[in-house]
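Below is a structure I'd like to ask you about.
Chain naming follows the written order as A, B, C and D, and within any one chain the residues start at number 1.
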Amino acid sequence: MAATISGILTPHMVPLDAHDRIHEAELRRYVDWLIARGVHGLYPNGSTGEFIRFTADERRQIVRIVCEQAAGRVPVLAGAAEANVRETLAACEAYAQYGARAVAIVSPYYYRLGPESVYAYFREIALASPIDVTLYNIPMFASPIDVPTIQRLAELDRIVGIKDSSGDVAFMMRLMAAVRPARPDFSFLTGWEAVLVPMLLIGVDGGTHATSGVVPELTRRMFDLARARELDLAVSLQYRLLELFDAMLGAAEFPEGFRAAVELRGFAMGRGRQPLSAAQQSHRERLQKILRCLMADFGYVDPPPEGCPLRRPDPATPHVDTMADAVVEALRQQGVL
Amino acid sequence: MAATISGILTPHMVPLDAHDRIHEAELRRYVDWLIARGVHGLYPNGSTGEFIRFTADERRQIVRIVCEQAAGRVPVLAGAAEANVRETLAACEAYAQYGARAVAIVSPYYYRLGPESVYAYFREIALASPIDVTLYNIPMFASPIDVPTIQRLAELDRIVGIKDSSGDVAFMMRLMAAVRPARPDFSFLTGWEAVLVPMLLIGVDGGTHATSGVVPELTRRMFDLARARELDLAVSLQYRLLELFDAMLGAAEFPEGFRAAVELRGFAMGRGRQPLSAAQQSHRERLQKILRCLMADFGYVDPPPEGCPLRRPDPATPHVDTMADAVVEALRQQGVL
Amino acid sequence: MAATISGILTPHMVPLDAHDRIHEAELRRYVDWLIARGVHGLYPNGSTGEFIRFTADERRQIVRIVCEQAAGRVPVLAGAAEANVRETLAACEAYAQYGARAVAIVSPYYYRLGPESVYAYFREIALASPIDVTLYNIPMFASPIDVPTIQRLAELDRIVGIKDSSGDVAFMMRLMAAVRPARPDFSFLTGWEAVLVPMLLIGVDGGTHATSGVVPELTRRMFDLARARELDLAVSLQYRLLELFDAMLGAAEFPEGFRAAVELRGFAMGRGRQPLSAAQQSHRERLQKILRCLMADFGYVDPPPEGCPLRRPDPATPHVDTMADAVVEALRQQGVL
Amino acid sequence: MAATISGILTPHMVPLDAHDRIHEAELRRYVDWLIARGVHGLYPNGSTGEFIRFTADERRQIVRIVCEQAAGRVPVLAGAAEANVRETLAACEAYAQYGARAVAIVSPYYYRLGPESVYAYFREIALASPIDVTLYNIPMFASPIDVPTIQRLAELDRIVGIKDSSGDVAFMMRLMAAVRPARPDFSFLTGWEAVLVPMLLIGVDGGTHATSGVVPELTRRMFDLARARELDLAVSLQYRLLELFDAMLGAAEFPEGFRAAVELRGFAMGRGRQPLSAAQQSHRERLQKILRCLMADFGYVDPPPEGCPLRRPDPATPHVDTMADAVVEALRQQGVL
């Protein structure tokens, strides 16, 4: 049985206009652009989408726009966490009507709840939700969801998958080993693109990656290569993705570096909702120059007039003497190098 | 110059009715009860008040009710953190109109922001707020606010104090040493009642304690004893407060144990918004029996029909041989033992 | 240029006799057994070898015995950390004379030192050591060694590699990307077998794994499969290794579970130096029954007379519909299933 | 019943000579100096004494010298943790013969052991030790010892106290509440001088503080003031101690700042065993200028020729309007200001 949800789903950012409002036209254009570049799905109201910096009304508006614009071309996994179970269920109902494929619900945050409470929370939602639910585990920001709790929650039909942003490859293996025997349809999505290819190697169904909102061509290609078991080439791209990812993480604060990067792809993102200091603003501008070079290496954007430094050799493969040349040649033929 | 805000301010809980709505009549009755028992101020929309589990509209309703009911008898410090700066400022304006003395704004949560971003966030609020602002540092739940950042923020007149819930006595000393020379009016409030008396000893202006919503007589008494430098008696009460505090923390999840305790004082709190499992519900009931005994020891409630275990001797003072008897006698005379 | 040190090096345990002394004969037999089962090298005085629970004299005795017994058949990487730089250098000299290929030096522990101090410590050792040095990063037990520090230390010729036990795949990628361009001979060894195959996929040179002291056949096979890019089969074995690893970690305390497991392979390990409570001793016995079944599945030991539960299906591959049967078949042909 | 061990015990540093050996004459002179300035006891082989950077033989030598030199004038609490239980017991025997009052044994470090193992470890030692044992809890460096474990260990007569360096005032209160009813003789010593006065207020028996090796007059005075319940003056000194403590902590790495400070008191400490980078060495020299000013304020050393900046007002008491002048006056009369 295939996983319910698979592939690369983009937790997209939200363009803002000059009045700090959702820039609907730009958001629609962004959705079209992402779909055209091969993302398998869209994920509004994720952490990258700064769900917590929008009001409840704005979060609904975002999902409505995205569902309308996607228009069934790709599935929408809508972030639906609200202030409490009742409000969350109301959002679930709205998103079901908008046509979302499923909702993603982050574990309770602010308070750090224990496993028993995390279970009780998701259970109450799952029993009443009119739409499929995926769990969202992001222990650096929200109450962790441990393996036994996920195993218990997977007994509920409405819960069809988990997005895990821990980046812990062994944790994901433990999770799949615990859940898949009883739920072969359960979706395992990683949220940590720094290890996307290793995660695909060990068998996850896909990922929801901030980076896929910036270089959707690249994450899609890595997914396809991994599925086709062209792992050496996929690993080479993983190293380059990591370099880009780390550069974007190095901005003032997440996800500002990703907003700075997507501007280079031609979208007007507006001033972010978390204020930047003058020093941070200045750093953001320097960062954009680095990001431009990293993305120009792939051919996604034009290099800056002043040019870029030469790339370093590929770190993954110096010891694989018999293989290195072939990999480089393959990369060249495919226009990656 | 005296601190702008001082004394014990209660971060009160919010009673809910059978329909999971704010129980306005009970909330008003609770406000009156707290004021009658000597709290120096009220603090709606704190962590104890589960601000994050209410909608933006409900948070306004709560502050409006509390300001109306307090009617100037005690100052109101209103939790005003909303989804972003603009929404927070709108809440600040509303709470100013309701008559709040100041707002308290928790450091950005979910994302863990660094000092530069925390500064930029509070600065933008402080420059536009129509009402005095106190910072709220609670590093276990939200982005930490470090000493240099607080020192920089204290340069802004609108920022008049800080509530710190770290419970770190040395941190509070460092903070006061850094800020007070330039801002003698700045208020230092501790949010960790486990060390209320030590904090008062080292010079804080007061505290905002969940426990003061359960046993307001006790926290007020400890504050008065510490101010009068009757520290040995204050310490004896501190040990007993700690025992009660730990018992309430031992419930399913914060602040459910405090909700269970205030029910014993005669308030109908309703079912909490974080679902409880059957095991947690059962544990809550057993906990209430322990809480009843702990509070009966103070005479705040009647003991259960089956009676309570004997109290242990006072742990603070076994070695102070010459002082122990006097303390016990003083406590007896005051009806505490 | 090839890495200086590569393959699976075993951080072996040390058998003790009835008088709590090193059981030299059993240690020699164990060394022979490991070499016969294909380990690429031996690593005395690692964390698994409980270096910290032996005296300085015993640590030398262990390295001497292992070097003598290995007799050049496989290289020895000898843990050489002592109380201070002078003592560590004396150990380096001794181990060079015993014939060790290199030493491994754990980052300073107990105190948590910052990067500048970690650098100064290793630099002073590297400049005076008569033998090649590998760094040992194990942030859960010792001061972390960050990427820039490793990059600086890699400028010193004497430092030829790093063992990293963080288990963080992205960290290892960042490290290789930073160091390999200037030092293609630098060895990157992972110490976290829970992700051995993903680590090999992204290009590490090998690993030093406690598990290789228990099932050396398995870790060797995984290494060979990964090198031959038979990754699907390697991943299947990775899931089974993880199950065994987690079971051994579940014992009283690390590395007691590994000691319990190697007893099942026929070695008399003696009573460990960390005392066990009665409950822990009883748990250890129950654990051995589970470990026996896990290892009997591989054919390494006989199953217990009462039999074992059936194995679950392979968690890595439920979605790879076209591939699952082939993998299972391949596993069967190779006697793994 | 009085506590077995009380007062301020100094975890002293160890002077080294030009050959990196223990400088015995200077150590003896230092011991005399400490006793003359009022420390209640001596504590060789503590964390401040860098026990881990000395060999087992050196640790014995240190205890022998200190016991000889103290010659019964003050009790010696000797750090006795060695590689394993057998070695630790051998040290206990030696230290008993040297005349130590008791040994202090740090919880197992490097590995982070759980409560059951920590209990088993201390129990085995306590049952065989010929000398009284104090537990040493320092969770930032070693396996934490939690309240229930301490309570169980306090059932063993040989265990007579605990040194806790967590600095958590509430933890210490919980601990005393749990243990004192059954063991009124049990000693509670805090190792975190940043909160010495608050700790004394809540009833600890004393402390073992690195700072007491630098300004023994000050820690003794604070102890005496707290015992005499002159708490406001004690708190004023606490703020100044904190400033000095933080400055010393700000050095390259603990305890290098304390070594730099004690040199200003006239002792030749020698080059430390943890190497310093050039930048750290330079920082150490700048630090000494600050430390000289902080200690000159107390009159313990002469100010530098170029003078020192003016002191800030006392941060503890700006709001205690009626009390501030009196405190300042009292401080002046006692020569502190």
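FYI, contacts are C-beta pairs under 8 Å (C-beta built on N, C-alpha and C of every residue); 3 or more make two chains touch, one makes a residue touch a chain.
Keep in mind that this is a model prediction, so the values were computed, not measured.
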(message) Touching both chain A and chain C, which chains are there?
(response) none
(request) List every chain that touches both chain C and chain D. (result) none
(message) Counting only Cα atoms for the centres, state how far chain B is from chain D in Å.
(response) 34
(request) Could you put a whole-Å number on the gap between the CA centroids of chain B and chain C? (result) 50
(message) Rounded to a whole Å, what is the gap between the Cα centroids of chain A and chain B?
(response) 38
(request) Two or more other chains in contact with one residue: find those residues in chain A. (result) none
(message) For this structure, enumerate the chain pairs that meet the touch criterion.
(response) A-B, A-C, B-D, C-D
(request) Show which residues of chain A lie in contact with chain C when the two form their complex. (result) 1-3, 6, 167-170, 173-174, 176-177, 180-181, 184, 192, 194-195, 197-198, 201-203, 205, 229, 231-232, 235, 238-239, 242-243, 246, 312-313, 315-321
(request) State the interface residues of chain A toward chain B in the complex, per the touch definition above. (result) 20, 47, 52-56, 82-87, 108-114, 116-117, 119-121, 123-124, 140-142, 252-254, 273-277, 279-280
